[in-house]
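Labels run A, B, C and D following the written order; every chain starts at residue 1.
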Amino acid sequence: MTGTKKTARVFALAGVAALALSACGTTGGNNSANAGSGNSSGSGSCGHYEIAYMGALTGPNGALGQNMLGGINTALSEYNAKHADCKVTVKTFDSQGDPDQASKLALNVVNDTKVVGLIGPGFSGESKATGKTFFSAGLPSISPSATEVDLTEQGWTTWHRVIGNDSAQGAADAKYLTGKKVFVVDDASVYGKGLADVVRKGLKPVGNDEVQTGQTDFSATVTKIKGSGADAVFYGGYYAESGLLVKQLRQAGWKGLFMSGDGSEDPAFVKVAGSQAAEGAVLSAPAAPAPADFGTKYASANPGKTAGLYSTQSYDAANIFLAGIDAGDTSLSKMNDFVTNYSGTGVSGPIKFDSKGDIQTSTIYAYSVKNGQLDTANPAPIK
Amino acid sequence: MNRYYDFAPSGLSRGWSAFRGWLGGLLDNKPTRVALIAVGIVFVYALPLLNLPVITTSGVDFGGVMFDAAAYALIAVGLNIVIGYAGLLDLGYVGFYAIGAYTTGILTTYHFHWPFLLALPVAIAVTMLSGLILGAPTLRVRGDYLAIVTLGFGEIIRLVIVNTHWLGAAQGIDNIPAPPNIGPNAPGQGGGLFQVPHLSWGTFPNIIDVGHKTPFLKFGPIDAIPFYWMIVTAFFIVIIADILVKNSRVGRAWEATREDEDAAELMGVPTFKFKLLAFALGAAVGGLSGAFYATRNGFISPATFLLLLSELFVAAVIVGGAGNRWGAAFGGVLVAYLPDRFRSFSDWRMLVFGLALMALAIWRPQGIFPPRRTRRALAAEAQIEELEGEAVDV
Amino acid sequence: MPLLEVQGLCVNYGHIEAVRDITFDVEEGSISTLIGANGAGKTTTLKTISGLRPVRAGKIVFDGRDITGLPPYERVKMGLSQSPEGRGIFPGMTVRENLEMGAYVRTDTKTAAYKADLDRVFELFPRLLERVSQVAGTMSGGEQQMLAMGRALMARPKLVLLDEPSMGLAPKLIAQIFSIIDEIKAQGTTVLLVEQNAAQALKRADSAHILETGSIVRSGTGAELAKDGSVKAAYLGGDL
Amino acid sequence: MHTFTHQFFELTITGLVLGSIYALVALGYTMVYGVLQLINFAHSEVFMYGTFATAWVFVFFDQTGVNSIGGEIGFLLIALVVAMLVSGGVALLLERVAYRPLIKKNAPKLIALISAIGASFVLSEAMGLRDRIAAWFGLEDNLGNYVGNARNNYTMPVQINPKGLFTIGDYTVTDIDVITIVAALGMMFALQVFVSRTRFGRGIRAVAQDPESAALMGVNSTRVIQLTFFLGGLMAGAAATLYMLRIGSTRNDAGFIFGVKAFTAAVMGGIGNLRGALLGGLILGVAENWGSAFLGSQWKDVVAFVLLVVILLIRPQGLLGESLGKARA
């Protein structure tokens, strides 16, 4: 999921509040001492390295950022348990998902000499607003969640992501819907429209409409869908709207297949739509289900919390930087080379970056709502 | 008349009045006045380098915050022409900010490849023109109705951007170039005429932080301070223009229009023309600020230009003191600065900001720095209020 | 004991002293009048008595009770009613609704007494009965004046303050208005009248006070003041 | 175009349904404006609190089943009353905290707008942080069902499925449609009667038309202003329940856009005019749907605002003109 939308995306996490409150607690302040060894050139020795995280930790999108931070914390606590003498900390930069705040915070990130790499930015809008700054400073970054296609077309050689972009997902979604009379709706956001446009390219929709984020009444769209004779709807956007749309469609008696992308792939989709209306909906995501033991690790590093969307990607991204630190590649340029050439297998799947910084292989999975619940354990890969 | 009195807030307390008298005395002395103003201006320019304790924001780059503060101050001065001088409540001012930014984006990168400095005057002209085009129908609408109509136009501008491919739609426009660097190595790496070190307050003897320098006149994505200097310069130029216009026939016509439109019309003031002029000039300043925002940020998208921003702009002008350019500018600084200063409140930031707005409104309904004429009227009213005790229930 | 006592009243508009230390009484059952030029402070005095303007110094006692700090609606409840300058009718309401507004503080609107008061107003102003369903804003100035007076009477006041009831009216109407004022007094309601039309006012006033720039410069019965040379010269055009 | 001609009745009727909810919210703007000449920017939050109150009632009675209106009618009525009272209460609080100090100070009108914007932030953020606020009192677990999902969509636990009643043209009108329109019209009719026939209603109109004369008639304007806010709140609360019946989900920022639309409706009809609010709301609802059919739903707000501008250019006082405050020229 990407985008700059100001909608909260809470996972059905227990204790979201406690999580947000504890955000400061897990932040490595690390202000003390060793200012001299700042420019992180000392290879081999312990340099008090920091990994920066930038994304929404508070505000409407805060819950999603907390998922990512939780993943990073999981990786760090594993690492620090093994390297008690040389701990790595995360330094958080809370952009609230807002590109304007992110562009100011980016200046702090690049001026912080202890930071060896950045996980984030969380959303595409803030990525666009800050990519140039990070690129100019030579700071390697790995986004766990920004999926807009042209982010990797900018020539920012420091920019990477461990999640498949919208183009891959949209193509898979179009394939999934082949043979149906599809009506495509999007929310005119960077993410939603981007994804929907890829789907539109992949098949011939019987109709199109565009709504707005924050819209709640979809009667005109429902009327159009019914009038078009469509037997499937693809929605590009977030669950706040997709949930309401499918609910209003079902209320109006429409019975076709409802499909949406990773912006809706969230248990909250079912909550918004109601279990009855959500039943049978298919939600795609460029993410494999997390292995069983990841949940346990996550819970022990983040007491009282459960892993959510993008937790696995963030965990993998943090591990790439930690491997770089272990390899002694702690200067920015060396770290960037390390990340660019990285090859390994994370909990979210195999990770290797192509020349633009996109992840090379990304499998898109179709999750469906069954028996009133989003079945997160048994998605079907779309081939 | 000494216009610098405007700087001083109204003195309700005696101590404040004494201070004002003292300040006024100082300012009456011409060499002192020039010196003080010079010091003040130097201070404003040096502010982001000084890293002053307390006011410097922690956790977010102070240079970036200062740029935003200056951008908002500029906007507030522009909107003050519309609200404070002409008395028109414009709730869609963000539209002009957007038009300025988008004109810059389109001319410098999206459809053309003009240099920023060439695009800037065009952005101002386009925004001014759009002010005229939008103002012509809307300004015929009366009083408070104007508020909702302008609000509508602000939203229309944003939605048209979101839905128009030619304008970059929701994806926005990126790679907006910075102004040209001036200096030996421009425009490549390094550059700038010379390097300006920052102050550091951490360690006492080492007060100049030679490790942290800002190159003079090099506009890069990793240091906001040169952009700040640029926008502050523009701010001072706009202020001078504002003073000239306000003290001219035009300024008096605005005043007459604001106080009593019918009477002004009877006295031969073509009020509609003057309202339109205020709208267009205000728009132009908003467009200027938008253009600077675009070049500083390098990326613009409709998600920035929300209705909420219009409300904040209006809040800046009113809280600062509608009709007083310095008050409005201060309000702009406040509205941009406070949320970043409140960062430590984390999730409570906007709630605290809302409380601050309410408290300011109730504590100083006339604005923090009300214009002089209003100050006099208010002194009279305050007197009545004082005598009133239990207020009249009217 | 007088119905209304005004003692050392001072009222300011900002720094301007609109009313300066004035003292006068209004006896129950009488017609009292304040006369004076524009800006002498007559309207301010009435508004202050009604509670619309804050008192800077002095005291207002009505019906034996100090009302200086009371909000206007409490004063209306006590029986103090005003027909304001420029009529101040509710233009969007019908004549009947305006009269009902006059009785806003009364709780007996369903009773015969209320009906009787309404009839009494229609008797004084038959014109209002003809126009009872008309929207007040569309009526002529004279009719609006009648409505304002009738409305003030609907509160069943002990004291009614009339602010310039003759202003802007044709001479024939003025005579009618003044005969109605006599009638109001005859029915037992005390009247405090502010007028520029000094001749008419003094003719029927039991006591009269002349205001100049916020102060009372002369007091006496209406007849006394009407005869007074200086008053004649200043307010009566000398030909009465 | 195809959609428009083939589904004209569906677009129109669903537009009228939404429009009648707009109208109820618009009444709050219009009444406060009529009496105080203030744009009560925080009224949108008054509405938002009503939507939460509605959902809370269903949570409280643990109504989690999926049901029809018939089965839920009792709870709906309770929700309606609770939502009206909650919104009315929030409106009263707003008047007390954000407006009265300014009215007492006889402050410039514009500053009240700022106070309202501030209050709007506070109200919306407080709802978005309700889990934290509950945590202050150690109630976050006890109240988990009420304060959970603080910044996120908060959904009615029950889905009320509409039942088709009768067909007009191409559209089968449902019981939800009928209930919404009937309830909204009923509320408005009751308000109209209250304002035009009762003593308090006359007091409101009197203050709107001439505050000074009203004081001379013995009207306690503080009371009248309170009453005005309260009535506007009641209407917003009723609107909130009808909204939840239809949409079923709300959020701490759900009021914002809805409020802007409702205010647009009030201005369109002629601000200060109760019937104008109704007309404005209905026109806005229908216009949005028609506009969506012609141009695409992304242009819906543009259609609404362009319509507003056009109407005000032709009729500067709004469609029906100003009424509560006829005294002002």
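Operating definition for what follows: a contact is a pair of C-beta atoms (placed from the backbone, for glycine too) under 8 Å apart; a residue touches a chain by one contact, two chains touch by 3 or more.
Not measured: the values here are computed from a predicted model.
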| item | value |
| --- | --- |
| Chain of greatest Cα-centre distance to subunit A | C |
| Contact-richer chain pair (by C-beta pairs counted) among A-D and C-D | A-D |
| Subunit A and subunit C: spacing of chain centres that average the CA atoms, whole Å | 76 |
| Approximate Å spacing (C-alpha centroids) for the pair subunit B, subunit C | 53 |
| Whole-Å gap separating subunit A and subunit D, where each centre is the average of the chain's CA atoms | 36 |
| Rounded Å distance, subunit C centre to subunit D centre (Cα mean) | 44 |
| Multi-chain contact sites of subunit B, meaning residues that touch two or more partners | 159, 162-163, 347, 381, 391-394 |
| Subunit D, residues touching no fewer than two other chains | 132, 212, 215, 220, 256, 296, 298, 301 |
| For subunit C, residues that touch 2 or more chains besides their own | 51-52, 71-73 |
| Residues of subunit C touching subunit D in the complex | 50-52, 71-73, 76-77, 81-82, 84, 88-93, 97, 100-102, 104-105, 109, 137, 151-152, 155 |
| Subunit B - residues contacting subunit A, complex | 59-61, 63-65, 68, 159, 162-163, 169-172, 174-175, 212, 220-224, 297-299, 301, 303-304, 340, 343, 346-347, 349 |
| Contact set on subunit D toward subunit C in their complex | 199, 202-203, 205-206, 208-210, 212-220, 323-327 |
| Residues of subunit B touching subunit D in the complex | 83, 89, 137-138, 140-142, 144-145, 147-149, 151-153, 155-156, 159-160, 162-163, 307, 311, 314-315, 318-319, 322, 347-348, 350-351, 353-362, 365-367, 381, 385, 391-394 |
| Complex contacts: residues of subunit D adjacent to subunit B | 33, 37, 39, 41, 97-98, 101-102, 104-108, 110-115, 117-122, 125-126, 129, 132, 211-212, 215, 220-222, 256, 260, 263-264, 267, 271, 296, 298-299, 301-302, 304-306, 308-309, 312-313, 316, 318 |
